[in-house]
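Scrolling down, you'll hit the structures one after another.
In the two assemblies presented below, subunit A is common to both, partnered first by subunit B and then by subunit C.
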Partner chain A sequence: MNLHTRKLLDRSFTAAGFFAIVMMACALILILYPIISRGLGAYIFRATCEHRRVQFEEFQAGSRQEIEREAAEIAAVRQPVFDMIAAHEKDLKAELQEAFDQVRALAAAEGGFLQRSLERRLKRAHADASLEECLAVLSDIRESLKGQYDHERFIGVIGVITERKQRVEQAAGKLSDMKHALRDLLGPLPGDRRPELLRSHYGQTRWDRSLHYLDKFLYRYDWDYTNAENTGVKTRTPRADEFRGTDLEPAFGYVRDNIEAMMQPRLTFYWRFLTTDSRDAHFFGGIWPEVLGTFYLTIGAMLFAIPMGVIAAIYLCEYARPTKTVSLLRSCMSTLAGVPSIVFGLFGLAFFLNTVGVSDSKSVLAGSLTLALMILPTVIRASEEAILAVPFTYKEAALGLGAGRWRTVLTVILPAALPGILTGIVISMGRAAGETAPIIFTAAVSVGLAISPLQALDSPTPALPWNIYNLCTEHEAVDEIRHVQFGMVFTLVALVLALNIIAIALRARISRKLRG
Partner chain B sequence: MPRSVPVLHTPPPNTGSTQYIQPVPCRLLRNIRRQNNWPRHTTADGTHKRTRIRMNTVTVSTSVKQSLMMSRRANRMQRLGQMLGQAFLFSITSLSAIAVLFIFVFITRDAIPFFMPDAGSFNWSNIRQFFTETAWYPSARPGQFGALSLFYGSAMVTLGAVLVAVPLGISAAVCLSDVLPFSLRQIVKPVIEILAAIPSVAYGFFALVVFAPLLQNSGGSVLAFGFWLVALPVMGIACMLAGETVGARFSETRRRAAALTATACLGGASLALLWLIGRELSGMSISSGANAFNVSIILGIMALPTVVSVSEDALQAVGRELREGSYALGATRAETIIKTVMPAAISGILAAVILGVMRAIGETMVVWMASGNAAQIPSPFYNFMEPVRTLTATIAGDMGEADHVTGSSRYHVLFALALALLAFSFIMNLVSEAIVRRSRKKLGK
Partner chain C sequence: MSTAVDAALTHPDESTQQPGDSGITMHRMKSFAGRDDHTGLETLEAHVQARNFSIFYGDNEAVRSLSMDIPRSRVTAIIGPSGCGKSTFLRAVNRMNDLIPRCHTNGELMFDEENVYDPMVDVVQLRQRIGMVFQKPNPFPKSIFDNVAYGPRLQGERNRGRLADIVERSLRGAVLWDEVKDRLHDNALGLSGGPQQRMCLARALAVNPEILLMDEPTSALDPRSTASIEALIGQLRGDYTIIIVTHNMQQAARVSDFTAFMYEGLLIEYGNTTKLFTNPANKQTEDYITGRFG
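== the complex of A and B ==
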């Protein structure tokens, strides 16, 4: 190989190294970017008037006058749409009128029992009755006429009823579809019964979701399966086309043009996301119970792991002689570090819950113990490194002054190693906070309220890592609450990264101090 | 010969005999003085003062003498206390060892009923089914527990993760230990630390919510882009090398032109080839974004920090002398690293790979969320674009249904899976420890 080739190889080798490092940095950025940018969207977003209403009614936040003033403004803007719907319904009802007239005439002509039964039914279709009710009355009448022993006589009337009903039913179906879309966007329409689920009490609380639902209101999405060989094709038709020529046609343009006035989006910093609990399976509200649960689990794990870890490190560094027992201990520790996290979870279930019975069911205590076992090797190793990094001269000086071994450890070595130990502890705290597998069977539940520290001894808690999993795989409306999922992931990652940045800063201080 | 001598970034060796003398902070020593029971004497005005001991004074006050003489009994008590203290420290330390023991015992205890339903006799058909069949229907009656596809899924995603993490990780480690200057290294290190710190559920969330839809909607383009990203530089270098070799056959005057021509021809041909392959790849469509490929990439990224930091340590441990020797013989940096440093550090690098494998195979959340969880062996068996299911995901996913029926075989089979995982990680751990020990012996430390 000549010199040129060797230089080329050398450079490409260097380039490969740089490539690897750049790829690593890119991976980090690519992973963190969506989590941070969309996760911040859970805290800072354009909140609509519905959001403020939820906050006021469910969380008692905001002023009453403000909410009422806004509600009046919005109602004024929304009213024309509701009027158009009402007018359209009236038109449809008028189309049914001919059928009712025929029935009325028939009743008058027949007399007797049939007249009474028909009139009783007709009474239900009074002037204020809704379109659905009128349709129901008509089909009721048709069935009762068909049920007569000599129903051939009524064939004319039945024909008129059937024809009108079919025509109006088609239009009514489209109308109810459109009302459904409108409900998703604006919340319950006037005259609706109070819905059972809290999520349908309000319209869209976020501007981005509002635009999504505006699109669903303006266009109708269908799947076209006419080509049997292919999978379905999504089709999009403007809803305005379906109502061409009716009173409702201008409604779509009106909603499109006035959506800002209807929703009143305002850029909001929603800090309550962190400090309130959730309503209706995370449709509204925040993530406080999860944050608190993570906090309990982490603190609990540290309560067990720090004393054990630091004492073990002291023993291994200062007291243990290199005997067979100690090397066995060390290899046990590295085995413990290599045990998969899910196996820790199973062990916690089989040992802490099923055998020892620290609590009747899953509990924060059992989860903390399991997590403590899991991070124990990390704490031991970090503390050991910190203790070994204390210069030998410190120890010599302390011993030279007449301090015993124990006193040397307590008064000289530990204080000197403290920043290093803290670094290790903070890093393993981050690990404990983010770990999911060990708490699945021992501590975490999907739905729950914030618990008090005393309850932590015997009751399970929601926790950030588990609920992230739960919300993005098992929730009934995964796409509706993407922002909550991203907000949770962002909160967890921010928590862990903050801990790590603290650790990095601590270490930078130590190395500065050691270098003098 | 290389014109510029590469800069060595390895720190000077710490031989032990020439330790730098560290100044002891007074603050720490003051602690001792304050707490130690130094003899005191009373001054004329009645205040207590600590006695000063001077080495050169012959006359030491009698009170000091008395206090320095320790009674035999106190001595014994003190030694007993020391022993008890040490025993206490030892027992706390051995808790972690006991924990390992308990983990083995309790996982095995709950796994045994699956293999031996009637105490004392193995259920061979169960065992055969467990290891050789792929039908995993734990809720069927009777349950079918063919775990082969789960083992296969775990092996597959681990292999994929290794394929991603090992080349990248080792090149990054080499770059960190031998190429980058100190200041840049200080920037790159936190990147690695943050990658290691991100919780696994966040990786899983990214894989499921961001990466899987991307793969499903524009999988072909992603594949083509990744392929170009890796193949283009490799092809470029290969073409230039080939051009050089061709050029070497010509006479001195025409060498340069010949090399350039050959490089250009080869480059054109390989570009055409790359373009064809890229077009083929970008035409591919992936039916489900949650598949082994997705999980392998993410697991690879998760295992990267382990691989990088452990192998960097190994490379650093090789020391300056070997590198200096190699450079002195006229080797380039690449030759030094590949022919001298890497062989010396090979055991450490192997240990890094093993730790990476353990990280990947023991990971739960990412595979549970993003692998598709289909208990099947993909067809053909190397198809990474199909969903798979791993051991860890099965334990996590099935235990939720099985813990109501504690004691049934679908409960115990999960412990059997855990036992398999545990045994694997234990063996891997032993192997890596043996390797590290051997390397220490070889390096004479």
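== the complex of A and C ==
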């Protein structure tokens, strides 16, 4: 090989190495960028007044005066919209008035049983009754008239009722749609019954979601299937068009122009996202139970895996004779390291829960044991390598001074091997924190409160990896809470990263101490 | 004067041509005070006695039926070509060979009337009585203090004051105290080679052994550090029985009272150092010390 080709080869190796590193950096950025940018969105975002109300009413955070002052402010801004709706409803009711008048006249003319029956019904459509009630009363009257044996006599009245009802019903349907969209944006409207789900008690808590719902309020989205040849086409029509000429027409422009005043978005650092539990399937609140659960599982797994792993490594390196059995043991361990984690999960269920019965149901204990088993080969392997890397001279020196085997291990070999052992521990710690499959069957639940360390012995816990998966596959309204999902991913990544950084710092310190 | 000594030692063939000449006189002047150049082994009490002692690595007999008496409170050097079994024998004395799986022995190795290889012997105690300094300085990655205090701590000494006393005494014994007294809690790996080796010596002394085994203790050191270690051996002589393996024949001549020459596992010649270097009885010894082989 001449000099030229050798140089060329050298350069291409360098280029290939460089390329690999650049690719890795790109991949890392591609993965990490959305996680960080969108995950941070769970902590730092423009929070609306609704967010502050949730915080105050559900989590006792914030001052009452502040909340009340803000409530008065936004109520003043929102009131015109509600007034417009009321005016529109009144108009529609007025349109029904002719039908009611005719019924009333009929009742007076008929007298007797029919009069009493009609007037009883008419009472329900009093001045304060809602549009829906009035329409219901009209339907009721129409049916009862139709039910008379000589109903041909009422054909005129029935015609008027039917005609009016249809016209108003159509308008009322549009109004109801519009009110629905407004509720999504602002929360319950005045006069609404208290909704059952907590998520409907409040308007949008985040400014970005508010804008999304503003759009849905201002425009109506429909699927157009008129062209049977093609798939449906999404159409977008301004809602204002549907209410042209009515009292409600200016409401849309008003909401659009005053949305900021209605929602009062303020850039907020919502650190409670980390430290509070969640309400109504993660619609409100934070992820503390998940974080704590992940913490318990990881610490628990380490509690079992570190002593067992390090002792096993010491045994293999210092005590075991290099026999066939030991080498077989080693190959088994390597195989174990490659077993899919779901298999460990099933084993944990079958062994720890069903056979041994460490707890009656899934529990953090069972999950920790399963995770410990999963990372044990890694811990053993790393510890073994670290112990073997300790210079033989250290051992010689200790033995030469009259140290027994065990003392040598404790006082000289383990301290010198500590950095390497730590590395293995950190790697497996990250794995234990992020692994989902082993805890599905043994420890994780979708929703739950934060548990105490004592409860960890016999109760399951939510945990970040499982809940990330659970949110995106099983949550009924995941689109509403994407930020929670990204927040969880971000928190998990940050947690693992933090663990790593702590361990790296620790390792560096120990290494520095060892090196002198 | 020193050139004459060097000449005598680097060209021993010249001095052997004129036995009893000035070369020996010079040699005696440079050797340690009190060294009895003409004392025979027979008059001294033996501290370690090998009786037809053999050491095997598997089937390979590395030390063959060796018999020798190592006198108490004297410095005994073992020389010989590479692979002749010097280290093997030395490491047998405090049973460091136990670490090697296929190593076994035959015959007797008596230490204070007790067979070192008796199954009843407590190896840990034996090693506390027989300290060792290795070829390469091997401090623990701990502070100087912790290094020297390691042995006493093993023996259960926990009192900080007493430990500090032992550390100081040992470091003074190794002539290192003044150099390191201000940085006892610095990592020992921060010392350079010579001080490191002296610290290892201090560490061995801290256990208060009866015998010090040294396997080429200066082969990894520069001449100045070597000189300081040699001076140290001179000071320790009398208090400890020292067995030193070395490839440096000047060193053997300078520091030892008695010298053993080994060749292919056999003890060829053993006796008074001055006599062995100036007037070897054996042809092989002569060839070796004159540099014809090895």
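Here is the rule we go by: the second predicted complex is superposed on the first by the 479 of 516 C-alpha atoms of A that agree within 3 Å, B and C clash if a C-alpha of one lies under 4 Å from a C-alpha of the other, contacts with A are read in each partner's own complex, and residues count from 1 in each chain.
Basically, a residue touches a chain if its C-beta (ideal position, glycine included) is under 8 Å from a C-beta of that chain, and two chains touch if they have at least 3 such contacts.
Since the structure is predicted, the reported quantities are computational estimates derived from the model, not experimental observations.
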*Now for A:92: first (subunit B), second (subunit C), both, or neither, which partner does it touch?*
neither
*Dominant contact partner of subunit A by residue count, subunit C or subunit B*: B
*asked:* On the A-aligned overlay, A:394 touches which partner chain: subunit B = first, subunit C = second, or both, or neither?
replied: both
*Figure out whether A:463 sits in contact with subunit B (first) or subunit C (second), or with both, or with neither.*
neither
*Touching A:403, do we find subunit B (first), subunit C (second), both, or neither?*
both
*In the superposed arrangement, which partner chain does A:19 touch: subunit B (first), subunit C (second), both, or neither?*
first
_One more residue to check, A:411. First (subunit B), second (subunit C), both or neither?_
both
_Touched partner set for A:134, first subunit B, second subunit C, both or neither_ = neither
*For subunit A, what residues appear in both contact lists, the one with subunit B and the one with subunit C?*
391, 393-394, 397-398, 401-403, 407, 411-412, 415-416
_Residues of subunit A that touch subunit C when the two form their complex_ = 321, 391, 393-404, 407, 411-412, 415-416, 513-516
*Mind listing the subunit A positions that touch subunit B in their complex?*
2-10, 12-21, 23-25, 27-28, 31-32, 34-35, 307-308, 311-312, 314-316, 319-320, 328-329, 331-336, 338-347, 349-351, 354-355, 373, 376-377, 380, 391-394, 397-398, 401-403, 405-408, 411-412, 415-416, 427, 430-431, 433-437, 440-441, 465-466, 468-469, 472-473, 482, 485-486, 489, 492-493, 496-497, 499-500, 504
_Going by the contact rule set out above, which residues of subunit C touch subunit A in the complex?_
94, 96, 99, 101, 124-128, 131-132, 134, 136, 138-142, 150-151, 154-155, 186-190, 200, 203-204, 207
*asked:* For a test of understanding, state which residues of subunit B touch subunit A in their complex under the given definition.
replied: 1-2, 19, 21-25, 28-29, 31-33, 35-36, 82, 85-86, 89-90, 92-97, 99-103, 106-107, 109-110, 167-169, 171-172, 174-176, 179-180, 188, 190-195, 197-206, 208-210, 233, 237, 240-241, 244-245, 248, 301, 304, 308, 332-335, 337-338, 355, 358, 361-365, 368-369, 392, 395-396, 399-400, 403, 406, 414-415, 418, 421-422, 425-426, 428-430, 433
